[in-house]
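Here it is: the structure, laid out below.
Labels run A, B, C, D and E following the written order; every chain starts at residue 1.
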Amino acid sequence: MTDQAPALMILVPVFASLALTLIGPLGHRAAYGLLIVSIAISLASALATMVQVVQTGQSVHYRMGDWIPPMGIELVIDHLSAVVLVLISACALLTAVYSMHTARQDNPDRLNHYYALFALLVAGLLGMTATGDVFNLYVLLEISALSSYGLLARGKGKAYYATFRYLIMGTIGASFYLLGVGYIYIMTGSLNMADLAEILSRPELEASVSVRIGFSLIILGVWIKMALFPLHAWLPNAYSRAGTTTACLIAPLMTKVSVYIMLRIMFTVFSADYIFQQIAWSHLVIYLASAAAVLGMITALSQRDLRKMLTYIIVAEIGYLTGGAWLANTAGYTGAVYHILADGLMTLCLFMAVGAIIYRTGQSTAAAMQGIFQRMPVTASVFLIAAASVVGIPPTCGFFSKWYLLQGAVQAGAWVFVAALIIAGLVAAVMFFRLLEMAFFGRLEDAVSENGTENPHAVPPKIRLEEVPLTMLLPLVISGAALFGLGIYTNEVVQYLIRWSVPAGI
Amino acid sequence: MDELFYFIIAKYNYWAALVLLFIGLFGMIVRNNLMKKIIGMVIFQTAILLFIVSIGVKRGATVPILKFSPDKQPLLDATAYANPLPHVLILTAIVVGVAILGVALALLQKIQRVHGTIEEDEILEDMRK
Amino acid sequence: MILDILIILMMLSGLLFFLATTVGIIRFPDFYSRVHAAGKGDTLSTTLFLGGAILFILRDFSGENLLTAGKLMLIVFYIFIASPTATHAIIDAGYEFRVPYWTRSSGKKGAEGDESNEENMDNGFYPEDLKG
Amino acid sequence: MTWDTSLLWQFDILILLMMVICAVTALALEGLLSSAIVTGAYSFLICLMWTHMMAVDVAFTEAAVGAAISTVLFLGTAQYINRWIKKERPREQGIKQITLVIAVICAVMMLSATRDLPDWADPDSPASTHLSPGYIEQGYFETATPNVVTAVLADYRSYDTMFEAVVVFAAALVVMVILRRTSHKHRKLLHLRPKREGRDTILRGAAQSIIPVMQIFALYVLFHGHYSPGGGFQGGVIFGASFILLALCYNLKFSMNRFREHAVLWCCAGGVLLYAGIGAVCLGLGWSFLGYGALAGILGVSEVMARSHGILAVEIGVGITVMAVMVSLYNDLASGGDLEDGL
Amino acid sequence: MNLEPFFIVMVVAILFLMLCNLYRVVAGPTVIDRMLGVNVIGIKTTVLIVLIGIIDGRVEMFIDITLAYALLNFITTLAAARFYQRISQPAPSQPEESLVAPSAGPEVKEAKAPEMESDAGRKEIP
C-alpha cells in the first residue's frame, strides 16, 4: 500500500469531508472521530512517504490515471514536500484533536459541515504541496481558499466583512497566479513542473520578457496569498476574528504553504540561476522582508488583543521566511525551510495556548494573561516555550532557524536583513516579557479589580487549577514538546531532509 | 504603417484581455460598494480566461472534436484542430469562478444583515464602533 | 440555385426585421412599445434566420444533417415559446410597477419632437426602484 | 506579413469593443441591479467570443452559467441588499490611489510587453506545438473519445476535474454554512409572493412545455459529451436550471417538494463520491488513482473502452454534483438562507 | 454557389445591430429596459452562433449551445420580472430601505451567542 500513499494522503480527507456532510444525524462525536481518523491516515501516509524519500534519497512520483507526466498530472514528493506534508498533516491532526470543545463552542449548529470544510482545507493544502502540475496547484489553491472562507466566516459577529476582504484579496492573488501560469504556458506549452523547468532553462527563453512577466505575476499572486508586508492588510482582520479552531488550523498552515509554493516556483519551475542572475530582484525583496519582520513585530507589540498580536507575529515571520529564501545561499535556504517547520509549530502552539486561555477566561485581551501561571500552569508553560522559540532562545527550534538565517544573511552581506532579524527578535522579547510578567506576577485580584470590586483587605482568593480539558491539553503539550524536539534534532533534520532539497546553483 | 497595422491585428486579443483585466482590477480595488467589487471580480476573472483561451486559437483550425472521414477513420491532423488544453483549463476555471461568486454573494447578504450597508466606508465606520 | 436564393432572401429579410427591432428598441418612446418591437421583431427574424440555416444544412442531404436540421427546428420551436413568454413576464412586471405609458398628450408635455419627449419620460416618470 | 482573413478580426474587434463597453458600464452604473444585468450582457458577448475562438465546450459552459445561473444569483441577492450605491463619492483613500498608480504602471508594462508574445492564432506557437498535438493525435486511440476536450478533461487531467467537482461541492457547503439558518424565527425580509394564480398561467404553461425538454436535453448533453460539446458540467447546470425555472414559475416550496433539501445535500456529496469512488476502485485494483484502465476486467471490455466508460461515469458524477449545487446555491441565495420563499 | 462571404457579411451586420442594441442596455433608463436589451442581445447571440457554425462548416457542433440558449435564455428575464413583481407590492408601512435593516439586530445577537456560552471558566473567578 506504500506506493499508493501519496494519493491516499490527499484522498482520505476528501472522502471524509463527503462523509461528514452526510452523517449529521449521528451527532458530533461521530464527526469528531471520523475527522481524527481520516487525518491520522493522512499523517501515516505522509510519514510513510517521507520515510521512503529519505531511504531512497529520491523523490516519489505518483502518476494520476497512469498517464505519463507531461500529458497527465503527477504528484511529486521530494524531500522538501515530504517535510511540509508531514508538518501539515501533523498540525491538522493536533488541531483536530484540540477542536473537541472549541469547535462545538464556535459552531452551535452545522458542526459536521464545519468539520467537512476542515477536512477539505487539509486535503487542499496537502494536494497543493504534493502536486507536480502548476494548474492543478491553482485548483487546489482555490479549494483551500474556499473552505477557509467558510471556516473564517463562522467567526465572531463581524467576521463576514473581514472574510469578504480576504475573499477579494485571495481571488486577486489566485487570479494573478493563473495569469502568470497562462503567460508561461504561452511561451512553453507545458504545465508540468519538471517539463517546464526543462523548457525554461533553454537559452532562448531566458531573456524573454513574457516569461519574466509570468514569473512576476505568479510571485505577486503568491505574495498576496501569503501576506508579505505591503500586501498583508487582509490577514490580521480575517484571522483575529476567526473561531479558535479555525485560527489554530489556518494561521500556522495557510501562509506556510504559500511560502512553500513560492520556493517550489522559484527553485523547481525556474532555477536559482534564473532568479538571482537574470531577474536580480533579491535586494528589493530582502528590503521588503526586513520591513515585514520589523514592522510586523512592532505592530504586534502595540496590540492589546492577544489574537491580533499573534496575527502580526505571522506577518513578521513571513518576512523571515521570504528573506531567507531570497538570500541566494545555502544557509539562507536551509534557514527558510527549517523555519517553515519551526514557525508552523510555534504558531500552532501559540494559537492553541491563547485559544485555551480564551476558552477559560472568556476574554482575549492581554489582561486575560493575569496570573495564568497559577491557574493554568501547563498552558502557561507551553506558551512560555513557544514564546522562547519566537524570540529565539537556544534549546527551542526558533533559535536554530534564526541562526541559519543570520548566517545566510551575513554570508550574503545583507546587513539590513541581519539588523531586521535582531531588532525583530528584541521586539518579540519585549512583547513576550511583558505578557509573561503579567502571567507570572499578575495576581488574580488585578483581574478582579478591573471589574471595580477591589477590596484591599480581602483575603487573597484561593488559587484553583483551571486547566483546560485533556483533549485540548494533550495537543498543546505535544506541540510544545515538538518545539524542543525539533530544536534538539536540528542536525538530523537538516542533514537528512533539508540539505537534500537545496537547489542547484545556490 | 503596415507594420503597426499588423502589430495591432496580431496582438489585439492580448490587449483586449489586459484592458478588461485592469478594468476589473479597478472595480475590485477602488470601488467602494461591495457589489461592485464582486462585479469587478467577475470581469477580472473572465479577462484572464479570455487571455488563456486565446492561446488555444490556431489559424484555420476547427473545434477540437475529431472529424471522421466517410469510412469512419478519424482525421488526425493536429494543425486542423484548436488547442484543447486551454479549453480544459478554462472549463475548470469557470467552475471555480461560479463557486467563488456564490460564496461572495452569500457573504454580501450576511454583511448587509450585520452592518446594514454594503458600502465599504460605512462598514468600516460601523466596525469601529 | 433556387435554394440559395431562397436562403439569401430569408436571411436578408431576417436582417431587415432585426434592423426594425433595433430601430424600435432605440427610438420608441416608452417601455411598452419597445417591448412590443423586441418581442415581435426578434422572434420573427430569428425564425427567418434559422429557417435559412435549416435550408442551408439540408442543401446536401444526409441523415446527420437531417438530425441537425431537426435540432434547429426544435430551437425555432422553443424560441417561439420562450421569447414571447419572457416578453410577457417582463411587460407584466412593468405593468404591475405602473410604468407610465406614452400618450399623445404626455408627449406634448415636453418640447417638440420625440427625442426630448423620450428624455422627459426617462428622467421624470419612472419609479426610482426601476432605475436601480 | 500575410494575414488570413478567415479569422474575421473585424468580428472579434467589435465583440471586444462591446465587452469593454459592458465592463465599464457595469462598474459605472449607480443601480446595482442594472450592473448585474449588464454583466449578463457581458456574458453573452464572451460566449460569442469563445465560440468564435472554437472553444465550444467553454462557450457551452458560459452559455449555461451566464444565461441561467449568475444573473439569477445576482437577482436573488439583490432582494436582500441596498440596491443603490451611495450618491456622494466617498473620499478616496491614499492607499487606493497608490494601488491604482501601480496597477496603471503594470498595465502599461504588460501592454508593451505583448510584442514578445507569439502572434494570435499562430499555429507554430509553443503552446500549439508542445503538448496539444499529443492529445489530438493519441487521444482517440487511448480513450475512444472523439471530443478531445472531454478526453483531456475527464481522463488525462481527471485529477483536476475531480477537484473541480470538489470546488463546487465546497461552494455549496460554504454558502450553507454562511447563510442557512436552522431556526425559522427570523422575520422574512420581503413579504410573501402575492396570490397571482390566474396571471401566472402563461408562465406555467410555458414552463410545463419547456422543463421536460430541458431535462431531456441536459441528459443528452451529459451522455453525448464524448461526441459533441458538453459533458457533466454543462448537463448538470442545465438540469439544475430546470429546477430554478420551476421555482421561478411556481415558488420555492413547489420546487423543493420536487427536489427536497436533504436530497440536494445527498446529491451534492454523492456526485463527488461517485467520481472519487471510481478513482478509488481503480486504486484498489492496483492501478493508480483514476486509472480507468483498471475497470477493463470488471466491465469485460478492452482497456481503451474501459477508459471511455470511465470518462462517462465520472461525467455523470460531475453532472449530479453540479446539478445539486446549482439548485442549492439558488435555494440559499434567493431565499436569504431560510428556504421559505425565493424569487 | 459559395455562400460563405454572404454569411460573413450577415454576421458582421448582426454584430453592428447588436452594438446598437447595446445602447438600450447601457442607457436604460429602467432596469427592465436593460433587461429587454439583454434579451435581444441573447437572441442575436443565438443566431450568430449558428452562423459561425455554418461558416466553420461543422454546424452540428454549435447547435447544442444554441439550444441551450433557446431553453435557458428566458430564465434571467423571468427572474428579473419576478423580482419586480415582488418589490412592486405595497410595502407594509415602512420604506423599502428599512425593510432590510431590521434583521441586523437579531443577527448580531445570533452571532454573538456562542461567546456568551463560553464562560464556563469565567464564573469561577472570585
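Assume a contact is a pair of C-beta atoms (placed from the backbone, for glycine too) under 8 Å apart; a residue touches a chain by one contact, two chains touch by 3 or more.
On a predicted model such as this, the values are computed, not experimentally measured, just so you know.
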Required steps from subunit A to subunit C (each step between touching chains, minimum): 2
Omitting subunit A while every other chain stays put - resulting connected groups: one piece
Busiest interface, counted in C-beta pairs: B-D
Chain of greatest Cα-centre distance to subunit C: A
Between subunit A and subunit E, centroid-to-centroid distance (C-alpha), Å: 39
Subunit B and subunit E: spacing of chain centres that average the CA atoms, whole Å: 17
Subunit C and subunit E: spacing of chain centres that average the CA atoms, whole Å: 19
Rounded Å distance, subunit C centre to subunit D centre (Cα mean): 28
Subunit B, residues touching no fewer than two other chains: 25, 55, 62-63, 65, 85-86, 92, 96, 99-100, 103, 107-108, 110, 112-115
Shared-contact residues (touching 2 or more other chains) in subunit A: 135, 139, 142, 146, 149-150, 153, 157-158, 160, 185-186, 191
Numbers and ranges of subunit E residues touching at least 2 other chains: 28, 31, 35, 37, 56, 60-61, 64, 67, 71, 73-74, 78, 80, 82-83, 85, 87, 100, 103, 107-108, 111
Complex contact set, residues of subunit B against subunit D: 2, 6-7, 9-16, 18-20, 22-27, 29-33, 35-36, 39-40, 42-43, 46, 49-50, 53-66, 68, 74, 76, 78-79, 81-88, 90-92, 94-96, 98-103, 105-110, 112-113, 117-122
Complex contacts: residues of subunit E adjacent to subunit B: 56-58, 61, 100-101, 103-104, 107-108, 111
Subunit D residues within the subunit B interface of the complex: 1, 3-4, 6-7, 9, 12-13, 16, 19-20, 23-24, 26-27, 32, 35-36, 39, 42, 46, 49-50, 53-58, 61-62, 65, 69-70, 73-74, 76-77, 80-82, 85-86, 90-92, 96, 99-100, 103-104, 106-107, 110-111, 114-115, 117, 119-123, 125, 127-128, 131-133, 135-137, 140, 146-149, 152-153, 157, 160-161, 164, 167-168, 170-172, 174-175, 178-179, 227-229, 233, 322, 329, 332-333, 336-337
Residues of subunit A touching subunit B in the complex: 135, 138-139, 142, 146, 149-150, 153, 157-158, 160-161, 163-164, 167-168, 171-172, 175, 178-179, 182, 185-186, 191
Subunit E - residues contacting subunit D, complex: 8, 11-12, 15-16, 18-19, 22, 25-26, 28, 31, 34-35, 37-38, 41-42, 45, 48-49, 52, 56, 60-62, 64-65, 67-69, 71-76, 78-80, 82-83, 85-87, 89, 92, 97, 99-100, 102-103, 106-107
